[in-house]
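Next up: the structures, one after another.
Each of the next two complexes has chain A plus one more chain, namely chain B in the first and chain C in the second.
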Partner chain A sequence: MRNPWAQTGNYRTSYEQDTTIFANYREIVSVGLLLVALCILPMFLERSQVLVLNFILIYAIAVLGLNITTGYAGLISVGQAAFMGVGAYTVALSAPHLPFWLTIPLGGLTAAILGFIVGIPSLRVKHLYLALATLAFQEIFVWVVGRSPALAQGAAIPVEMRNFLGLEIGFRNHNYFWYYIILFVLVLMVIAWRNLLRGKYGRALIAVRDNDRAADAMGMDPGRTKLFAFALGALYGGVAGGLLAYMQRAVVVEEFTLGRSVALLAMAIVGGLGTVVGSLLGPAFIEFLRLYMERLSEWMKSNAFIQSITPAGVDVASALLPLSFGLVIVLFLIFEPRGLYNWWRLLRSYFRTWPFRY
Partner chain B sequence: MKRVIVLAMVAALGMVMAQGRTVNLLWSGAVTGPTSDVGGPYGAGIEDYCKYANEQKLIPNVTLNCTVRDDQYQNPNTQRIFEEALDRAKPAMYLGYSTGAMLQLKPLINEVKMPTLPASAHIGLIDPPNNQYMFLPVSSYSEQVVALMEYINRTEKNAKIALVVNPSPFGRAVVDHARRAAQRLGQTIVDVREVGGGNLDNTALLRALDAAGATYIIHQNVAGPVANILKDAKRLGLDRKIKQMGAVYTGGSDLIRLAGDAAEGYLWASSYYTLDENTPGIALQKQLAARYNRSADILNSTNYTAGMLAAAIAVEAMKRAAQRFNGRIDNETVYQALIGMNGPNAFKPGFAVSTKAGIEIDFTRTEQTGAEGLRVLEARGGKFVPVTDPFTSALFRQVRNP
Partner chain C sequence: MIDFVQNLISGIAVGCIYALAALGFVLVYKSSRVINFSNGQFIAIGAFLAYALAVWAKLPVLLAALLSMLLTAGLGFLVERVFLRRMVGQPIISVIMVTIGLASVLDGLMYLTPFGSGNFTFPQFLPQGGLNLGGLSVSYPQLLAIGFTAIFLLLFGWFFQRSVLGVSMRAVADDQLASMSVGVSVQRVFALAWAVAGLTAAAAGIVVGAVSGLNQDGLIAIGLAVFPAVILGGLDSVPGAVVGGIIIGILQSFSTAYLDGLFSQIGLVGGGSQYVMPFVVLLVMLWFKPHGLFGTEEIERV
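So, the complex of A and B:
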């Protein structure tokens, strides 16, 4: 037997090996180290920096869900933010009566039920037509919330949790507390994701994505598989929304609009569709891009020279963020359609064989 | 040698003492992105007033460090900027901006006891829960709309009114209050429509409101969508049939610029003085715009006045906090100074109109609205001129908490 620590590639010689969560020991160790690093990271960060991490991790959960629906099952969804919203509002309404470890799964479950319903058009329509169906759901969600007095017509519903098992949660530790909760949930969701996709359900998703007629001929049920993909993707969105509600202390409909859905899709594309690593790298990349663009546009707005050469009525600083988002997506689609995941893969391959080259 | 070192240290300490302390003031708002036509001038007003306050040493022995941050109208950005400020240089006061972000931040603001003056005048900000530290610089959107309904009632009883509001909590804030006010005034709200940006053709909307018998449209929106509706009303000849009016962010120089002559006759509820009026605040606005090379668009903007008023209230509260609490300026003392800003201690910077009692800006622990007086202004000959004296809506107090 080869030394498992000196493996330079994946040697899978049986079906059992092919369905393992980790390809080799090195992967287990590196994931363990990553988790340790993530656990100690907040100790070196300010509270507001931890807030940024929290946003990234929450979006990562939502993007994982999107990667089931769009990345794996190939069903384009531009309604992921609405599913997040369903989770968030479920949490907002149930939080006064239930503990958070029940409200968050409840939010996910409610979103999953709605995801199942929204997925019904996928039985008859595909591609852009399906995208339009999900777009309709996104718009209907915002419309319904805006007209529901029970949901404060989209204005804020406070979601506060001041105590957990005797631990006082206040401004000082709020972000840190939720960081560990979100990280824990993310790890659970990633394990569930990997576990699901390495089995027959995961292969059914890929088969239906690649050719649903062929999948049907091979005994899979494309309709049920698509509905399953929608429900599961929505469940991830709902859980992410529930966490966001607690983290932001209030739910406001502006967080769950079409713009957010498009941003989540952009995160999935930039990260690399259908990959766990991409689901983490995409949100991180987009959020850091947002931060740097914010700084740049602030600088442009305050720079007298830039203002003097800009034609009157043209707000370049305002255009910077959407322009950079659009540009990044287009550039990735043209030059690196496999997203940041592929860079990660190349980097990992390089170090695996270092100091030798293939 | 030791003596020299001690002397040098004493001298350095003396210089630091002479320079005074630094107190932080934070504003975050949409300098870029959606609603930056409001946020840009608003932020400029705050920036300029802060520079002026430092130059004039309005707060003795204190250097004001005004941080103006661009949240790009994104709630997560607002939250991050606010928490970043709490981490790094805790402000003594926070000047906020958008309705959504401020509503979302209410629990945190209450927890950290940060006196906050948002640009948004959504009544929900000063309604419970978590409302203790929120203060509106001017009367709420709801009060402005109810005041317009009272104004209509002066000339026409049983009027039929349509509400056209922004499709957001900012727009919807006024609907319930308007309905209750209409009931008391004997008016009818014939329709409530939600219209956002990008409303390039409003023919169907206007025809429907006309068919419903509306003779008045009250807008709660920003200037862009209102300007498009005014232009379409003129094109359809409905400008003579339906009178249009709106709350503070619908009007001003932005509306005149965007709607042109279609804005003629538009009625606007505002607490702010206009640039044509000779008040200390407006004179200062002109002076500072010239001193800091602001463009004509910024100078003419009511939002520039609004930003200055917010900053002026903050600076005055800090100054009073220093006087009352032996130079201690922090969130707690500033809060005390703010709620003590009433009666003979009311603040009169000259940016907003005064009530009949002659009070421009006042706050108490329970009355969290600064300028309670407002006027109705009409667009005439390319500018807004007041058509009423300053008044306070009596009816609003009845419909706010029925």
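So, the complex of A and C:
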């Protein structure tokens, strides 16, 4: 009899085995350990460090959505930040009237409806055109918000939540409280993601992405499959945006611009398209990159020597961010198109097969 | 009525800029099916190079313009050589994402120069004022935009109809495999398409410089407005790019004149509808006629 703990690979003989969430017991244990680690992590961290973690987890939710549209359905979306914005503004407008466990799903739903409308061209045309539809939506969203007095014309709208079930949420525990809420939502979203994509629907998406004509011939409806993927990806974006609104206690349009959409796309690519692990690693990588680039530019601003050698009018600090983002996207696409997920996979298989090479 | 014609003319002049930028974009799309998201950055680089050559190196404006067009063409060639040639055989999504990453890199590089912030104006090389045609006034920069585009279109027409390179580019656009089998170097055609894209983008940037001031965000916004133009005209149609560009230009000019008031009546204050209308048109086109006015509908045979 096989020892399930010593299992080294996948030996699958049926469809049921192929659609299981965990390949072996070790994975169940490691996911459990990861969750416990994430739960106790904030106890060792400062308030500002928890804030960084919060951002990473929120972007992870948005990137999970992007991984449905771009990773699974193969539709490039340069509008995920706008869908986040739709969620955030829905929350900002409904927060005074509704509790947060209603406003956040509402934000997701609104984003999904808009995603559905934006994705309508996918019924007729292939993936390239969809990138332009999302670009148009992104631009229209920012313009409309900037022109609407009801949305403060893009300036900050406060989103207040002072207490939850008698628990006072103040300045001190705000980040910690939202950390656990975001973690909980993320876990829910990951479970939904896995369950949706491991079954019939996920396979249909892969089939449509890889060869839509063959998928059509086998009885799938490529247009409708893609449209649904689009709405779903937007829903994840909306939920992430809603959480962001609460976490920042305010909504500003600068959070939801084209640049942020590109950053989200970079996170998805760097992490590895179409994977859960990648959806966590990518945002972490890009956020830390952003953090260190910001520190570097602060340092450069304060360093007299660097100031003396840069010509007047040159803004090295604001150059660092787009430059590093762009380079990361291009270099990963050229040298490691499977992203950080692949490094993670190699690392794991190294330890699994140790002391042997393979 | 006179206002209407005046708006029409200034719209056509702006549209000519889009038409120029769209030409190179369509060429790249036609030959390699790559949607180039870094078009706006090419426009900005071309314009700033011309400015640097004319103002800092004190070259005559025409020479500076010509040189900057050639240099930007070289940049396009280099980009194809260094980044896009490695992506041959990769899924088309990755190739498009490379252009998105590239746009970000070029943005960052521009911030490293003094052009990253602030406004710049070309030295005055055209006489002040303009032609006066019975109440209508057409400024010299506007005439230049229209004339420049017309000359470019004639050159392009000649290039694609008569020259060997142009014909081979059309062949590759039509059928890559067939053109390879008759001895056309597909790689060279891709490189050339990117070089021409750089050239036309720089031309567009220079015209912007002549008509109004230069500013990085503004130039990149022109690159984004090229997308509505090409979708309107049909992604793979060269005449479509020109017509689409001009229509988008007219649309922008009319929305400033007639739509801003309308928008403020429905509660969208602040004007600036010329920035959003092209994207509304883009979305509506994708809903109802995704292949544009002149584009070929994809017919797939199994």
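Structural remarks
Note that in this section the second predicted complex is superposed on the first by the 354 of 358 C-alpha atoms of A that agree within 3 Å, B and C clash if a C-alpha of one lies under 4 Å from a C-alpha of the other, contacts with A are read in each partner's own complex, and residues count from 1 in each chain.
Everything below uses one rule, namely that a residue touches a chain if its C-beta (ideal position, glycine included) is under 8 Å from a C-beta of that chain, and two chains touch if they have at least 3 such contacts.
Computed from a prediction, not measured in an experiment: that's the story for all the values here.
When the two complexes are overlaid on their common chain A, residue A:192 makes contact with neither chain B nor chain C. By the document's definition of touching, of the two partners only chain B reaches A:294; chain C does not.
In the superposition on chain A, A:170 makes contact with chain B only, not with chain C. Of the two partner chains placed by the overlay, neither chain B nor chain C lies in contact with A:113. After overlaying the two complexes on the shared chain, residue contacts for A:41 are found with neither chain B nor chain C. In the superposition on chain A, A:206 makes contact with neither chain B nor chain C.
Shared-chain residue A:31: touches no atom of chain B or chain C.
By the touch criterion stated above, A:255 is placed in contact with chain B alone, chain C being left untouched. Judged by the touch definition given at the top, the superposed model places A:52 against chain B, while chain C stays out of reach.
After superposition on the shared chain, chain A has more residues touched by C, the comparison being chain B against chain C.
The contact surfaces that chain B and chain C form on chain A in the two complexes overlap at residues 146, 153, 315, 318, 320-321.
Note for the complex: chain B touches chain A at residues 31-33, 36, 40, 69-70, 72, 75-77, 79-80, 83-84, 86-88, 99-101, 103-108, 111-112, 122, 124, 129-130, 167-169, 172-173, 194. Residue ranges on chain A touching chain B, taken from their complex, read 46-48, 51-52, 55, 146, 152-156, 158, 160, 170-171, 175, 248-250, 252-255, 290, 294, 297-298, 301, 315, 317-318, 320-321. Per the touch definition, chain C reaches chain A in the complex via residues 33, 35, 37, 83, 86-87, 90-94, 96-98, 100-114, 116-118, 224, 227-228, 231, 235, 263, 267-270, 272, 275-276, 279-280, 282-283, 286-287, 290-291, 298, 300, 302. Those residues of chain A that touch chain C in the shared complex are 70, 74, 76, 78, 118, 120-121, 124-129, 131-133, 135-137, 139-140, 143-144, 146-150, 153, 213, 217, 262, 265-266, 269, 311-316, 318-330, 333-334, 337.
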